[in-house]
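In the part that follows, the structures are each spelled out as structure tokens.
You will see two complexes here that share chain A, one where it goes with chain B and one where it goes with chain C.
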Partner chain A sequence: MKIFVCVKHVPDSAATIVVKDKNQIDERITFLLNPYDEYAVTEAVKLKKLLDNQAEVIAVSLGTADAEKTLRSAMAMGADRGILITTEDRQDSIITARALKAAIEQDCNIEVKDDLYQYGDLSLIFTGRESIDMVGMQTMFRIGAYFNIPVINNVVKFTPFIEDGRLSKAEVESLAGEGRKNIYEISCPCVLGAGRGLNTPSYPTFPDVVKARKKDVKIVPLDDLIKNLIINSIKYLISDSKFDNPQKEQKNGAEIINLELFAEQRTPKRIDGEPLEAAKEIVRILKQKAKVI
Partner chain B sequence: MKRTGIFIESKAGVIKSANYGVIACAQKYSAKYNEEIYAFIIDEHSGQFSKNIVDNEKIKQGFSKNIIDNERIKQELGNRGIKYVIEVCIDPDHHENHKQHENIFNPVVWSDALIQAVIKYKISTLFALSTHIGKELLPRVAAQLDAPLIMDCLNVSKGDDVNRRDDDAGNEFDLAETFLYSGKTIATVKVTGNIRMFGIRPNVIEPCLQAQNYESEDSKAKIFPIVETFIAKTEQQKNIKLIETKTEDSSSGEHLLSADVIISGGRAMKNGENFKLLQDCADSIADLGAATAVGASRVAVDLGWVPYSMQVGQTGEKVSPKVYIACGISGSIQHFAGMKTSKMIIAINESPNAAIMSNCDYFVEADLFKILPELIKELKNTKRLRSYQ
Partner chain C sequence: MKFYLLIKSLIMIAAIFWAFRLFFIKVKRLYAIMMAVEGKVEFSPFDRLKERLKVLFTDVLGQSNVRRKTLPGLSHTLIFFGFIAIQLHSLELMIRGVFPSFDLLLFMPWIYSKYLFLADIFAFFVLIGFGYAVYRRTVIKPPYLTMGRDANLIILFTSVIIISFHFINAFQSFIPVVVAGEGSESVTSLIYQNIFPVSGILAYILAFKNWSLGWLIFGYEISYYIHICTILGFLVYIPGSKHLHLLAAAPNVFFKRLEVEKAVQKTDIENEDASSFGLGKVSEFNWCNVLNLYACTECGRCEELCPASNTGKPLSPKKIIHDFKADLFDQSDALLTMADLPEPSKNRDSILPIIREGSEITHDVIWSCTTCRSCEDVCPVSNEHLDFIFEIRKNRVLMEADFPPEMQETFTNLENQSNPWGFSSDARADWCRGMGVPLMMDKPDAKVLYFVGCAGSFDDRGKKISQATARILQKAGVDFAILGPEESCNGDMARRAGNEYLAQMLIQQNVEILNQYKPSMILTGCPHCYNIIKNEYPQFGAKFKVLHHTEYILELIKQGRLVSNGKDFGTITFHDSCYLGRWNNIYTAPRDILKEINGGSLLSLNQNLSKGNSQTAMIKSYSNQSDSRLIEMDRSFSKSMCCGAGGARMFMEETIGQRINNLRAKEAVNTGASMVCASCPFCITMLNDGIMETDRKIIVKDIAEIVDEGTV
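Up next is the complex of A and B:
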């Protein structure tokens, strides 16, 4: 059985971003494992233990060569090995999901017979609920669609059902906003986007980090991986995809063409005086300036 | 002719006001080539009425509210300049919630219905809100259509295409603006594809204007859109089933997204009990007519003072109220990522060195426990003065 965790190498949210070449950022800043992916890795490792260690946890990432560091972080947290799909460029979520799908498919000997997927060793795919740099919030849904398996995002509780040592289905709680939680029953394999509160990631010890250095990372170039990828699970596919007809101009995708620093500088005005006067002034501002009351 | 679609969010039969910003965005977008706009509303019950309108038993059970409420939504959409409204009904024979009286939002069923409607009405651009519902629905639709999707957009416009012909998509593309890298940069994203989808951040785009007051008694003044009912035959999903929806805390993220005023507390609140002070203040502002919600910084949530659904910031809600009052919040980059699009920021903080004090519109350098009680009193006085008038 194989449990996959899709992880992303993202700039530290506290790092200073410098824009270069119109739509790029200077990457000489701290990058780390996307914080939501920590919950995903932790949950995958927990699940492996529940399966009496009769499963392998594999971290997969699409990124530059530097993203290997993020795979090592995931392995220090308990993933057994890693797959790094290398690319020099930033990729949109359609390509990212295709790349992750292709990598997982190759690793699991997944086959399609008579339009039906044989999922082979694939038990489950975890991701974080979103990446903190791009916040696209969609890659997990696309992976699910490409594999024709169900997806739940923003998962805060995961209860697997294990029958005869195999994962058959799970009960999953997902945060739905307005203080609501949706509880689903989902069959496996499936894709689950880990949300905050799913677990408490434990930070790796030094021996964990040392051990992670020796674990295997397979490196696959993006182009090799998706060149011959066939997408046949999309029921409603109504447009040509980039790969079916690369000559055609019209293609499904999203490309960042311009990046600008957003540094809206407000000019703060001091509200002075005793508490009563300050309170009066705030009420006046709410009334006359903001016009909300 | 290209068609633009808008998915309209409503609650208890009332359109959420944030939709008007989405409508404004779609109207400006589609005006360039005079494209038609279709508004989609999803209703799980009127399908039953389309088939069997006079069913007194069901009306007794409480279904009647839905009929009346939908009329109101359609009328309101007409008044905002929407000509076509598609009522997407989920065939009750084809889904599991049909016994329930309320519209239960089941993202799997709703997304399937919306996909069918998008295809049937040949929608090439779909807009919706980037709310909790939008975040569940849009990615599911985009994934099944393999269509590009940009969430949390600040604006969307048509890209200039010099070779465009009416009968040919040509090299048509859209441009979406969105925050990237923790709100530190604004990106312009070029989006291509036969169907393109956008989730709009609530309250960042000025709402579209109302043609008439729909509360008007004069029925001639009301503008009705052309309404078509589309019955979506959603399949029973075997591999994913919504068993239950639990509501755990009433103070909620969605309130934050629709609030005109947000009053948030951070570390200096000292404990959860003290958040009652913020709630009192919020209630007093709400009594004066502004939708007001209480928010919190990550610290206050991590310390267990308030639930996660109240958190504003990069890993919480991203809000754009008219006024954001930050009480005892230092103003980290991550907090700003969730509230920097607020129209006005007022900071109350004891420390002059807190980051928020140099990036707000007004600041009070004082102990919040001295300011807030006075503020609540002042707000209550304001109410009295008004009611005497």
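Up next is the complex of A and C:
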């Protein structure tokens, strides 16, 4: 059984982002494991334990060579090994999802028989609910679509059903805004986008950090992967002519023309008056405006 | 009579042999435990023997540490010397029990009679000492003192020894001794009659002169048995009780760390063979730690001053030492078995972790410590409680990732942005925008490298302090520069919170930068930066002259580069921060600055503060000056109470008991001063918050701010 966690190497939100050459981020700042992906890794490791450790947690990332650090962080948190799909450019969610899918497919020997996927070792795919740099919220849905499996994003509770040591289905709660919660029963494999509150990401112990340095990271250049991808699941992707030529793909895919810093507008509201009245007003705002309670 | 003496000598041989044998077995085991533990000692306990002998004279024979508490100290001194004084006499009595004719007074009458005269007086002093001890335990009952069977038993034991000593002497005074000849021709004399001043009075009161020789001998024999049996019983009892102190205190003091300044132990985190880091089990103590445990007699002075104990936290430095010792003894069989085996077959798993189900030392205990070091400062046997706390925290964090949950964010922030709050690290120099403060990268040969620190760079209150410091430096024409974005957190917080890995990462970053610039002096505004750069960076290959701004400002004042503008700040009370005072012995510099700036004159600075003056004299000289507008708090100098922020407590919630900073703020307010001055940005924050809770909102200022406002 294999549990995959798709992780992304993102700039630290605390860092001062500087735009370089109009459409690039100055990458001298700290990059780290996307915070939402931390919930994903933690949940995957928890699931592995529930499966009596009879599963492997594999962290997969698409990024520059520097993204290996992020894979090491994921492995320090408990992932068993990593796959790094290397690319020099920032890729959009279409390419990212396809690359991740291809890497997972290769690792699990997933086959297509009679137009149906044979999922092989694949048990589950976790992602974060979004990356804090692009905030696209697309990759998990695309991966699900390519594999033809269900997707739930912003998961805050995950209860797996394990039969004969195998993961068959799960009950999943996801947050849908305005304090609303959806509860699903979902078949596995599936893709789950981890949200805040799913768990408390664990701080790695030092021996885990040391072990993570020695864990295996398979490095696959994006170009090679795309070649293999076409051979392996040609039927599903051949119609997408962009994949015949990866270079061409980058030109035709989403291209960042201009990056601008987004300064968050904060307009604090001041509530005056007696403490009792002020408290009531806060409750009213939380209920009626923010709709969180 | 001869038959009786034969029986007596046989009994004595058996008793002495039995008691000493048991004693040696016990002591041997204690020594074996000390040798079985596997931890490394960071400093060298065998160097500088001359200084160590001197320490033995001052601390043990001079009883200098014990006497820091006047009456209990005096009482201890009397007991200590009294017991030393009667040792020779006890030895003589034991020998005489085996060889009845043995009598030292016959061998060397003049000197031995003088000795007995003194011993008799000193023994009586022991009773006075005990009188006070009993009074203290029954009437005063200080809450920090352990009241147990153990302590009472020991007072009883030793009182019996002394009282029987006097009775032996009293009876002896009227029993004739054979002074010459053999058998019927022997000549006897009352050679002991006029030797004993105290026992003599006892004999006089009981009118022994009128007793028959038979009764006198009978009384003597009874006293003798009581005396010797109690001594032998005591001998057997000591190694298993807290009075192991009697044996271990002197060696513990002898092997202590000689400097006040010290560093957290550097753990070799690159060692891939290490199965564990820090202190997780009793087998990971080092022998000095074990000696510390043996030497503690639970006097409770540490608990009396501990800010955690004083505010209802579960930590007591006394109890933690006791609990470590109890755990060590509980697991000593497994420890000794393990130690006997050769390396590959050592089974370290047979020893249980210190923090385990039902253990007295809990998560809350180890995380309550502010590392203020008042326990170590006050400990009469020079125990180093923090060595235990730092190492056990290290073990919890590195091996178990077990720490107060709020620290996780702090650790992550330190890791990613090199500051505990998580501000962008490239904004480090923003506090001095427009002030014309140069960066080291633009001015690499600046004479003074001002290491601003995280609080000084990012915290709103801290920024004002570093701005004041920069202005002072500019006023005095100092050639200085800051590191700006090249600076990282000094690593103190991570290190004291047990995250040695993170701390070493931060320290390494700074060390590389510092070694690149090689400044002739580093100036810090924060005692935590000061302490770690000065005392711990050398572990990582960075040795520099480091001054805290209090020291440097005083130097600038003395050089005439800073001149008071005569501004009146009213009355000021100074809060000694732990890492400046107890950790680095800087007490006078800030006070001298305040005197100079707040309407004093440098020429009037204490002339009598020359070297060698005791701290008591120093405190007196500061508080007795009638013109002084510097008011001392109840606890100041080395007794100063922590603000509650040290040991990374700044970034942990304080949910148990009273808040430490509130207590300290109240103390500052109670002086009646109009301003409280500190010299640490963390103390400033804590005191500010604490004063909000009091009804008199006095001003809190850093000494740099006062100097900035009070100089031309």
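One rule holds in what follows: the second predicted complex is superposed on the first by the 235 of 293 C-alpha atoms of A that agree within 3 Å, B and C clash if a C-alpha of one lies under 4 Å from a C-alpha of the other, contacts with A are read in each partner's own complex, and residues count from 1 in each chain.
Note that in this section a contact is a pair of C-beta atoms (placed from the backbone, for glycine too) under 8 Å apart; a residue touches a chain by one contact, two chains touch by 3 or more.
For clarity, every value in this text was computed on a predicted model and none was experimentally measured.
Student: May I ask you to decide whether A:269 touches chain B, chain C, both, or neither, giving the answer as first, second, both or neither?
Tutor: first
Student: In this superposition, which partner touches a larger number of chain A residues, chain B or chain C?
Tutor: The partner that reaches more residues of chain A in the superposed model: B.
Student: Which of the two partners, first being chain B and second being chain C, lies in contact with A:141: first, second, both, or neither?
Tutor: The first partner, chain B, only.
Student: Kindly classify A:258 by the partners it touches after superposition: chain B alone (first), chain C alone (second), both, or neither?
Tutor: So A:258 only meets chain B here.
Student: According to the stated criteria, A:176 is in contact with first (chain B), second (chain C), both, or neither; which is it?
Tutor: first
Student: Based on the superposed arrangement, let me know which partner A:113 touches: chain B (first), chain C (second), both, or neither?
Tutor: Touch partners of A:113: none, neither chain B nor chain C.
Student: In the superposed arrangement, does A:14 touch chain B (first), chain C (second), both or neither?
Tutor: Both partners.
Student: State which residues of chain A lie in both footprints, the one left by chain B and the one left by chain C.
Tutor: Residues 14 of chain A touch both chain B and chain C.
Student: Under the definition above, what is the set of chain A residues touching chain B in their complex?
Tutor: 11, 13-14, 17, 19, 23, 25, 35, 92-94, 97, 132-138, 140-142, 144-145, 149-153, 171, 175-187, 190, 196-197, 231, 234-239, 241, 249-271, 275-276, 278-280, 282-283, 285-287, 289-290, 292-293
Student: Which bits of chain A are touching chain C when the two form their complex?
Tutor: Contacts found on chain A: 12, 14-16, 29-30, 32, 200, 202-207, 209-210.
Student: Quick check on the complex: what are the chain B residues that touch chain A?
Tutor: 105, 107-108, 115, 119, 131-133, 135-136, 138-140, 142-152, 169, 171-172, 175-176, 179-195, 237-255, 260-261, 285, 288-290, 307-309, 314-315, 322-323, 325, 333-334, 337, 340, 343-347, 357-366, 370-371, 373-375, 377-379, 382
Student: Quick check on the complex: what are the chain C residues that touch chain A?
Tutor: Listed in rising order, the residues of chain C that touch chain A are 269, 272, 277, 397-401, 403, 405, 408, 411-413, 416-417, 422-427, 500-501.
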